[in-house]
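Presented sequentially are two complexes of subunit A, the first with subunit B as partner and the second with subunit C.
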Partner chain A sequence: MDSLISFVLNAAFLVSILSLVALGLGVIYGLLGVINMAHGELIAIGAYTVVVLTELGLPYWTALAVAPAVGMVLGMLLEATLIRRLTDRPLDAILVTVGLSLVLQQTLKAWFGATARSVPSPINGTFDLLGVSYPLFRVMIIVVATAIMALTFVFFVKSSFGLVVQAIFQNREAAVTNGVNAGKYNRIAFGLGTALAAFAGSLLAPSAAVLPQMGAFYLGPAFIAVILGGEKRLLGAVAGAAFMGGLEVFIGDTFTRTWGRVGVLILAIIVIRMWPGGLVREPKARVA
Partner chain B sequence: MAKENEITTSEQASMGVGRRQMLKTSLGMGAAAALAPVLAACGSDAGSGANSSGTDPEAGSDPTDNPGGSDSSATGEAIKVGFMTDLTGITANLGDIQDKCFNLAVNQINSSGGIAGRPIEFITEDTGADSTQTIEKATKLALEDEVVAVIGLITSLVREAALTVLPSEKVPLLYTTYYEGAASGAVACDPYLIGTGQVPNQQIEPLVPYLTENVGTTYTVVGSDYIWARGTTEVLEELVAKEGGNVKSSTFYPFGTTDFGPFFQQLEEDDPDICWVTLAGTDFSTFLKQYEQFGATAKLVSPAMDEVFAATSPGTGVGTLTSQSYFSTVDNDENTKFLEDYQAAYGEDALVNSIGEATYNAVWILKEAIEAADGDSDPEKWIPKLSEVDFASPSGTIGVDADTQHAVSNNYIGELTEEGTIRILETSEGNVPQVNGCVLS
Partner chain C sequence: MTVIDVNVEQDSTVEVSKGKNGLVRTGGAVAALVGVLAILPSVLSPFNLIFAAQILIYATVALSLQLLWGRAGQLSFGQAAFFGIGAYSYAIVGTRYDIGGWLSVGIAVAVPVLMAFVLGYFLFFGKVRDAYFSIVTLAFVLIANQVVISWRSVTGGDTGLTRVPGLVLPFGAFSIDFSTRNGRYYLAATVLLVGLLVLLWVRSSSFGLVLEAIRDDENRAAFLGYNTSWYLTAAFTLSAAIAGLAGGMFASVSTLAAPDMLDQFLSIQILTWVAIGGRNYLAGALVGTVIMRILSDQISSFLTDSWPLVVGLFFIIVVLAFPQGIVGELTRIKNRNVARLGGRRANVSPK
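Then we have the complex of A and B:
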């Protein structure tokens, strides 16, 4: 029983962070067709934002609000200067964003040094759930991340902005033909995606060593989560993240931690081979 | 039912590439990114290009701009030495310290007559904490630069990589980090390998009885999934069994792990006296933060804890016990002088640790051995003279054991204080290295 509860909590923690990262990637991939290889660095930028602000004496909670804004602004700038030119060239986009990732990583290293930075934990103490004590701060992360995910969904489903985005997801050409200014949506969507990554980074900052390459741990699984998720980009990304995170903890609990990492990738490959459409698919009827 | 025409129009319409190809490309990239640390940990042919932990292609420094070369009173033909460490990658903070210690030793030696009147000239290369890059750089140092020895290196991953190259080119490696010795099948007994750091019997043999007496005899192990952590655990298991205790479980995580949540459930189930940590570099910092968040109470013991590490996560891990050949709190004249020179060169706040001190010692050991061979820098001449080395190092007097070619050194058991220093609790002197029946002499 104890191990079941602890599995659920640990899986929920990993999945909630992974979902935020995957959701950001999914929004960008769905709308721009760009696989953003620099997404991991945006996670680090979110975490470094917290480092800088808390070192200036501001409370962690303020930093938590500022980090996604930094991510958003940076993302929109990158879209305007770089990504805009790559929307219809997915392979070039991978190359360019890999380059961007190196530039960002080395820039962070130049500014903050190669040594890990650290942020004090804003909430101490543990939370007792049916005999398993779990850190309060982790419970908070699960709750906050879930809330942000829910907000993102509401935004994309209920707002008129979200509806247009959904239309672009489904058929970009038709949407453009119907008068949608795709450029504007691209910029905001890219910004939203990077804001989600930065937010994930700011949530992680107090419980991890803050490093330029810290995003790598989440980036790989998040990529696979997006691909695994399939055509319903947003729901798919979260479903994919649940698959990747849940199974990684499960296989890790059952066998070894390294097999947790490797095994989940093998399973993902099998799933994608068998169901190339992904876990969450669009109805097939309206193929032209 | 994987039919390629069963795709929706969104990707088709917007891209010049089919979904299938997109899938393949992105899956490959994702898998490469996700697996890079795992592959690196296996020491296999991890492509350095896919390694997102940062493999800086530009390595090393130009020997001409090194301060040591210019004002030397040594006038003979220069002795060319290679220096390799992790200037980039996950252990870059440690590489930086080895780099400083190496430079300090070279400058001191060159400004006081060099090695038998010959100045040291050196070439610095970056391993990138990556095995492929290490092999390339070691090959370059041996074949192109024709160095008389290579000094440095941190993780077992890069040491094993360098040892695939250097011995066959007859270039000795002075390895400057404590490591697992012959455990886990590591290369530890080779005529071209000289160890200036500790092997497990020197580091752990004094520690385990101390723990039995002062803490307890049950252990839970958590480490990074690589040879040092696994090898040290093997040695630990044997020693703990001798003491009548047991290692309840051991868990190894891939490099770059940022979430140790599941381990704490294991720790709670085991409820050991001691939580033995052999996580590498920044993974250890992350672990300590989470150790506190989870409110775990087992006594933390880590042979990897030192002042440099403590500075990376201030305030965490206070009270952790450690055991190494050097801490900057070692109390003797040589250490006082060493710290003065070190801080004069690199600033008041510059920290140093045992692998830095062992790097510093390595240069002096090389000097003493070559001088014992009448200034002949040919390895065949000076390697047999290593056993004559008797150097008053910052950690106490050290020599080199003729059988194993590893340093005979002191060991200090210490505890991390709130100020981030190590309070020394127990000293054992002149520990002789044991490397599984290795007899090189």
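Then we have the complex of A and C:
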């Protein structure tokens, strides 16, 4: 029983972070058709934003609000300068974001050094659930991440912006013919995706070693989560993240952490091969 | 999809220059390459000679990726996995079982070939292509890297395997010792030439032409009766064979096998070499690797750790401004000049 509860909590923690990252990737891939290889560096940028602000003496919660804004602005800038030129060249978009990832990572390294930074945890207590004590801060991360995901879905389903995005998902040409300024939506969607990544990074900062390459650990599984979920369904990205995160923690607890990583990647390859349309089966018209 | 169109057009201009004339030109280029490779040992210092040997082997891996990506149109993030598996196979049989000579070369090729065949068969016959294929190869390199780091008893973990024996190849009564300083360089040069000749053969063979047809339009190739999944699996396997050979010989030349020969960062580096040189050209892979390795080395001498910054910026600029890479851009300029001068190939409209 104890091990079951700690498994659920550990899995929920990894899944909530992975979901945010995968959701950001999924928004960008779904709308722009761009595989953003620099997504991991945006996680790191979110975490470093927290490092800088808390070192300036600001409370963690302020930093938590600023980090996604930094991610959003940076993402929109990148879209306006680089990605905009590449939306009809998907392969070159992969290459440019690969280059971008090298550049961002090295810039972070030059700025903050290659040694790990850390952020003091803003909440120190533990949380008792049926006899298992778990850091309260991690519980808070799970709650906040879930809330942000729910907000993102509401935004895509209910807002007029979200409706237009769904229209572009379904049929870009028809949407553009009907007067949608696709460029504007691309920019906001890219910014939203990078904001989610930066937010994930800022949530991670107090419980992880903040390093320029910290995002690489999440990027691979998040990509696979997006593809598992089916490329144009946002809920699919979350389902994929749940599959990847839950299974990794389960195999990792049962055997070793290495087997957790290896096993989940092998299973992901098999799932992509067997169900190329993704794990979530939904009518074509639905997006979120 | 405009890029693809450009590829087709440029490739057709390349095709025009084939035939007898092209054969002479290719032969001349290979002869010139052999000449340069033969001169280098007497020009370079011993230290630079080993550096050159490593570049030649890296260029061989880049060539193997060019086959899969440029010719068959499938981008792999996993080329370093096959390189590293080749390196570790050679190093493990050499240090633990005292196996050398032809057998160790065979093992360095056979292990990656087997893995690539199984993976390629599994993926291509399941209609896994393009972005999905790229992501799966990324997963593959992550898996391979994890295994190599944690399987300490066999692979040496984070430190890898050191004091890997050099290669001595028996030829009947003779044997060639590739473990001396110059020998290691000649080994690297031989590996490059073997890889290059195999790939030149592919380029001129019907196998290579079918791969190009699949890259341009797989449905059409399938309608013509080609089993495209077999062709892609074969291309993937051949590419892994060359990468594995290069990896095994890299372990022999540098006398070690380490986890950074088998990670996503090396995969991405190989990718940048091919893209910068020109993904549609064999010469592109060579030129890209030589330029980028020398550039990285020069930059790292005064920027220590931040050379990836410059490499990354350079890479972004090349992809944005010259999507066909250096060789592709030079070919385009040459063709345009030929057309402007009203030469024989004036009917080939420049882009």
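Simple rule for what comes next: the second predicted complex is superposed on the first by the 279 of 288 C-alpha atoms of A that agree within 3 Å, B and C clash if a C-alpha of one lies under 4 Å from a C-alpha of the other, contacts with A are read in each partner's own complex, and residues count from 1 in each chain.
The rule is simple: a residue touches a chain if its C-beta (ideal position, glycine included) is under 8 Å from a C-beta of that chain, and two chains touch if they have at least 3 such contacts.
It should be emphasised that the depicted structure is a prediction, and the values quoted were computed from it without experimental measurement.
Partners subunit B and subunit C, brought together by superposition on subunit A, clash.
Looking at the shared chain after the overlay, A:Thr126 reaches subunit B, while subunit C stays out of its contact range. In the overlay built on the shared chain, the residue A:Arg273 is in contact with subunit B and with subunit C. Of the two partner chains, neither subunit B nor subunit C is touched by A:Thr146. With both structures placed on the common chain, the touch criterion links A:Arg261 to subunit B and to subunit C. In the superposed pair of complexes, A:Gln166 makes contact with neither subunit B nor subunit C.
With both structures placed on the common chain, the touch criterion links A:Arg89 to subunit B and to subunit C. Partner contacting the larger number of subunit A residues, of subunit B and subunit C: B.
Within the superposed three-chain model, A:Leu211 lies in touch with subunit B and out of touch with subunit C [touch as defined at top].
In the superposition on chain A, contact of A:Ala116 is made with subunit B only, not with subunit C. After overlaying the two complexes on the shared chain, residue contacts for A:Pro135 are found with subunit B alone; subunit C is out of touch. After superposition on chain A, the stretch of subunit C whose C-alpha atoms clash with subunit B is 146-154, while the remaining options among 146-154, 272-280 or 326-334 stay clear. In the superposition on the C-alpha atoms of chain A, the part of subunit A touched by subunit B in one complex and by subunit C in the other spans residues 35, 88-91, 94, 101-102, 105-106, 109, 114, 216, 220, 223-224, 227, 256, 258, 261-262, 265, 268-269, 272-274, 276.
Of all residues in subunit C, only 1-3, 75, 122-123, 126-128, 131-132, 134-136, 138-140, 142-143, 146-147, 149-150, 264, 268, 271-272, 275, 305-306, 308-309, 311-313, 315-316, 319-320, 323 touch subunit A in the complex they form. Within the complex formed with subunit C, the residues of subunit A that make contact are 35, 82, 85-86, 88-92, 94-96, 98-103, 105-107, 109-110, 114, 216, 220, 223-224, 227, 256, 258, 261-262, 265-266, 268-269, 272-274, 276. Per the touch definition, subunit B reaches subunit A in the complex via residues 2, 6-11, 13-17, 19-20, 22-23, 25-27, 29-38, 41, 52-54, 56, 88, 90, 92-93, 96, 225, 251-254, 256-259, 261-262, 264-265, 268-269, 282-283, 285-286, 289-290, 292-295, 311-316. Of all residues in subunit A, those touching subunit B in their complex are 2-3, 6-7, 9-10, 13-14, 17, 30, 33, 35, 37, 40, 87-91, 94, 101-102, 105-106, 109, 113-116, 118, 120-121, 124-126, 132-135, 137-138, 169-174, 204, 206-209, 211-214, 216-224, 226-227, 231, 249, 252-253, 256-258, 261-262, 265, 268-269, 272-277, 282, 284, 287-288.
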